[in-house]
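Got some structures for you, see below.
In the two complexes below, chain A is the common chain; its partner is chain B in one and chain C in the other.
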Partner chain A sequence: MSSGIGETQGQAVPARSGRRRPQHQRHSLTWLVPTLYILFLMLPIYWLLNMSFKPTNEILGSFSLYPQNFTLDNYRRIFTDPVWYWGYINSLTYVVMNMLLSVCVALPAAYAFSRYRFLGDKHLFFWLLTNRMAPPAIFALPFIQLYSSVGLFDTHIAVALAHCLFNIPLAVWILEGFMSGVPKEVDETAYIDGYSFPRFFTKIFMPLIASGIGVTAFFCFMFSWVELLLAKSLTSVGARPIASVMTRTSSISGYELGMLAAAGVLTIIPGALVIYFVRNYIARGFALGRV
Partner chain B sequence: MLELKGVSKRVGAETHIDAVSLTLQPGSLNVLLGPTLAGKTTLMRIMAGLDPPSEGQVRFAGEDVTGMAVQKRKVAMVYQQFINYPSFTVYENIASPLRVAGLDRTLIDREVRKAAELLRLTPYLDRLPLSLSGGQQQRTALARALVKNAKLVLLDEPLANLDYKLREELRAELPKIFAESDTILVYATTEPTEALLLGGNTATLSEGRVTQFGRTIEVFRNPVDLVTARTFADPPLNTIDVDKKGATFLLDRGVSLPVPDHLTGMPEGRYTLGFQPHHLALKQQTPQSVPIRARVSVAEITGSESFIHLDFGAVRWVLFTTGIHHFEPGDSVEAFIDPRRVLVFDAAGRTMAPADGLVS
Partner chain C sequence: MTKTWNNKAWFFVLPVLALVAFNALIPLMTVVNYSVQESFGGNVFFFEGTKWYSQVLNSERFRAALGRQLIFTFTILAIEVPLGVLIALCMPRRGVWVSVCLVLMALPLLIPWNVVGAIWNIFALPDLGLLGRVLNGIGFDYNFTRQAGDAWFTLIVMDVWHWTSLVVLLAYAGLISIPDAYYQAAKIDGASRWAVFRHIQLPKMKRVLTIAILLRFMDSFMIYTEPFVLTGGGPGNSTTVLSIDLVKIALGQFDLGQAAAMSIIYFLIVLVFSWVFYTVMMRNEGEGQS
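Right after this comes the complex of A and B.
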């Protein structure tokens, strides 16, 4: 949107000199495409926001670009009904658990892949990524049976562990990229200076890849937060995630679309918040830490 | 005293270091001279204890330290790339080895400031290394090596990534900085000139073997074999294969050189002559000098010196002379060589006898 503003200012200059008219015409069109793009991108989100401030009757009864009977009732109900807000607490709990688990396991693994050569290291490293190529759904059935047999069914840790399936490989890949950006000589200098491995790792190495750890945590958060199927199948009541609560909005009083929209808005917020903090590093994260 | 006894390093089928034996004295400056891939870095890593040797023993002050963890050894190392801890300030970078050793705060402060003063880093103590110039970054690394007061300091081409001016400056300072202690200083370089400027002792490395070790000037003047002479020559050593017949060396094209007096007793046969570029001259400098007619290939002029590349038959020589001499490619010139300054190598590449004390 800011680019649109910049272009309108740019128009004023060539408008004064007739010679540069062709360029002017080309310029005047360039703001159009990004504006349309952003418009289409924001439309569903705006609509969700719009609906969340309407009572269900208005959503079903009429079509309006903005709420005619503005209400915060939908949000109020979510924050007062334990079934609803526990959905958020449950989701956040297993997501944070998964984030910590993935990063803690991936740190030493990524260090090993980055610094040591061992038999089959390259194959193993690639094989990690193939874990991401299978849809998580195919693991739902074995997981349900396994977790039930050890009494983990319907617990937060069950979902957190299940999500490790695809988050740890990703975390190892991203962290390995960031770690390989630090010269091996830094490690050696530290050893020569007398640092033990744990002290070197926590005092010198981790600060050097802090942005990498941040990006990795974000990606774990994101994938765990949006994953629905495993989270739903591995829980029933005790650790039921928000996505699962949202699918049960057809109550006796019919579909509660307003509440559903409000819940949707609240689901977007944590992701948007987290993404704000890692916005400068996210491109490197998508490149798996490689520059 | 650092002793390497028959140290070898093999990686897979490749031999990186081949049976190296060296004894380095406390308080000495030792240059490891050799081209890229000669094994300088590998040898240093073995000395430091970063890599274990495949064979052989490393002894320090009489103690076998072959398998000892690098943390326990009193060594310091400076790399060609400027390696510091990017997240620490310059002050913390220098203080790092002392902090790990658990020294008293005031003592650390005194040592750090002393080293910073010596390396002219005092104004930058609060900065982060990556915000400094390359020379300052390398100084930080040197200061860290200095405060540690290590008994063995390894400098792996420390000046190679610096620009010319800084390199000159730091090279002059380096031996002084470490001179006061009884530290064994090991300095790896690819440049023969650098070895000569540093002085001390030189070990020439070629393909993982130490070909000669001794006082730098001795090694330069009296290389034991052709490989050493080639390693220790910049611009490259001029060579030519000759036949010895009686009291003369027969070169191609009917040119001959008299065999110097001290070598007349050698058996007849095939030899290789070697001489430094500055031993070729455009004018007759001694009565013994012999003219050799050659064709100019290219003349490089650097300010007040000339490097003239000459083709003699199929071999290419370089003539180094002061002053500016203009030649066109294809010009025919007479180059003079004093046979007494020529190094003579047998078919196996061993030096037959040291040249006369005429080497300049």
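Right after this comes the complex of A and C.
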């Protein structure tokens, strides 16, 4: 993913121009605002880490800003209990399936929207977006019935397909933004040079929008990874996501805060890794290619 | 970019269409179906017309949930958008700190929503959490599981914590696309800080900010998991927003007709708001291209 993503950032951030900073950045205290904000973001996460390294009796017995009886027990229990670690495997399985599926079907559709006018294209585009707007709570019950009736209930495929509901529209939207940034002359030149459409698309076009594809995959990963309501409704035992294991634990065994905190920390890690890989494209990526 | 008219482009859209139709049309028709019927024992149905709709629209419970939803959505928009813009304006434009800031800021966005709820639950517990301890320590009587006001405060701070970064990242993307020449011209003209913001930065951020508002509106309007994990809709019904209420009716009470009618009304509300935003946004985009 990280290779071949180089072009877009280059134009956004020109080479360092020494100390010739624009006048408006003169204030010396501006760094304070982002710093305070990041501090605010990190505090709850620090607290979660803190809790995850404490044994249960310390959590309930005393109040301290850092773990006094440092322990990895909470993590050890997660990595040895199949219910827990299968939760992670299940989640990652359907997230990756959904990511691949969404990107693959969204690529040709986004190309059509960015290059051609066709009957009903604008309505279709908005209709796709409406699915991104539909509250998942509406779909929870009908989804259970639909996927039960086709025999997919409690499988990874069911969750991967269900998450397509909001990920495909988003993928089409982002990719369309990036594709519209590629001049149409590129297509025409390639056809004149005798490229067939599939060869042109895979050999020339896709490398050109590689950063866009990376960003799209990132978003599909993100929204599928963080979603709980549909994933929880569509699974019972076989494909139960980690989020669902967590909520069940917190409700059944009451105050297992340490375990819950450790599980929470572990769910942050995949996201953090993914962010690290796309860090240079993050700003433009969140603008959906439309800056 | 001028686009060619070509109806064969439909073939490119077909896979998307098939998948989304399977996921959206069938369930939506199921919901419409339930919303006009009365069910007995779960498998005998007969037509009821608009009974459920009028029942939902007239119910005190729905109106209260809708009211709470609107208050929540507009409060967080009013906080997150200006705050996000302010932070983006203060961010460094180049250097190593940019990546550090961006990665750290994007972190909350990739935390599963139930974990966000769990984090804030642990953070805000009056006896065990840092926030709860500090607030109680400086003299507030803070307990988000007992007092409605505290629950609301925690919910809104949690959402600001969770989603302001999205606005920051979008606004920042808009800002870094402004060429230095604009600022130099402004400097020559002797423009004030406010004038630079009003006439250079704000217009350049307009498009991304519309996206930010659209996304934040849609997502906050369908928020479910975070308040569910944090407060479970309580204390009482004080933080029961639309989605929580809907799931209570549909999966808790299994009241199909009412839940379905409520779903349709809920969806239509989101749709109307979003359509307005979308039209405005597309008009901006048209201006940007010409």
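Throughout what follows, the second predicted complex is superposed on the first by the 251 of 291 C-alpha atoms of A that agree within 3 Å, B and C clash if a C-alpha of one lies under 4 Å from a C-alpha of the other, contacts with A are read in each partner's own complex, and residues count from 1 in each chain.
In the analysis below, contacts are C-beta pairs under 8 Å (C-beta built on N, C-alpha and C of every residue); 3 or more make two chains touch, one makes a residue touch a chain.
No experiment lies behind these values; they were computed from the predicted model shown.
Chemist: Overlay done on chain A, so just call it for chain B and chain C: clash or fit.
Modeler: Because the two structures are overlaid on the shared chain, the partners are seen to fit without clashing.
Chemist: So which one touches more of the residues on chain A, chain B or chain C?
Modeler: C
Chemist: Pick one for A:207: touches chain B only (first), chain C only (second), both, or neither.
Modeler: Once the two structures are laid over each other on A, A:207 reaches chain B alone.
Chemist: For A:132 in the superposed arrangement: first (chain B), second (chain C), both or neither?
Modeler: It touches chain C, and chain B stays clear.
Chemist: Should A:243 be classified as contacting the first partner (chain B), the second (chain C), both, or neither?
Modeler: second
Chemist: State whether A:191 touches chain B only (first), chain C only (second), both chains, or neither.
Modeler: first
Chemist: Minimum Cα separation, chain B versus chain C, post-superposition (Å)?
Modeler: 9
Chemist: What is the shared patch of chain A, the residues that chain B and chain C both contact?
Modeler: 183
Chemist: If we count contacts the way the header does, which residues on chain C are in touch with chain A in the complex?
Modeler: Residues 1-10, 12-13, 15-17, 19-20, 22-24, 26-28, 30-31, 86-87, 89-95, 98-99, 101-115, 118-120, 122-123, 127-131, 133, 161, 164-166, 168-170, 172-174, 176-177, 180, 183-184, 186-187, 193, 196, 207-208, 211, 218, 221-222, 224-225, 229, 242-244, 246-247, 250-251, 256, 259, 263, 266-267, 270-271, 274-275, 278, 285 of chain C touch chain A in their complex.
Chemist: Spell out the part of chain B that touches chain A in their complex, as residue ranges.
Modeler: 48, 50, 70-71, 75-77, 79, 81, 83-88, 96-97, 100-101, 141, 144, 148
Chemist: So in the complex, which bits of chain A are touching chain B?
Modeler: It is residues 183, 185-186, 188-196, 199, 204, 207-208 of chain A that touch chain B.
Chemist: Mind listing the chain A positions that touch chain C in their complex?
Modeler: 12-14, 16-17, 21-25, 30-34, 37-38, 40-45, 47-48, 51, 59-60, 63, 65, 101, 105-106, 108-109, 111-119, 121, 124, 126, 128-143, 145-146, 161-162, 164-165, 168-169, 172, 180, 183-184, 222, 225-229, 233, 242-243, 246-247, 250, 257, 260-261, 263-264, 267-268, 270-272, 274-276, 279-280, 282-284, 286-288, 290-291
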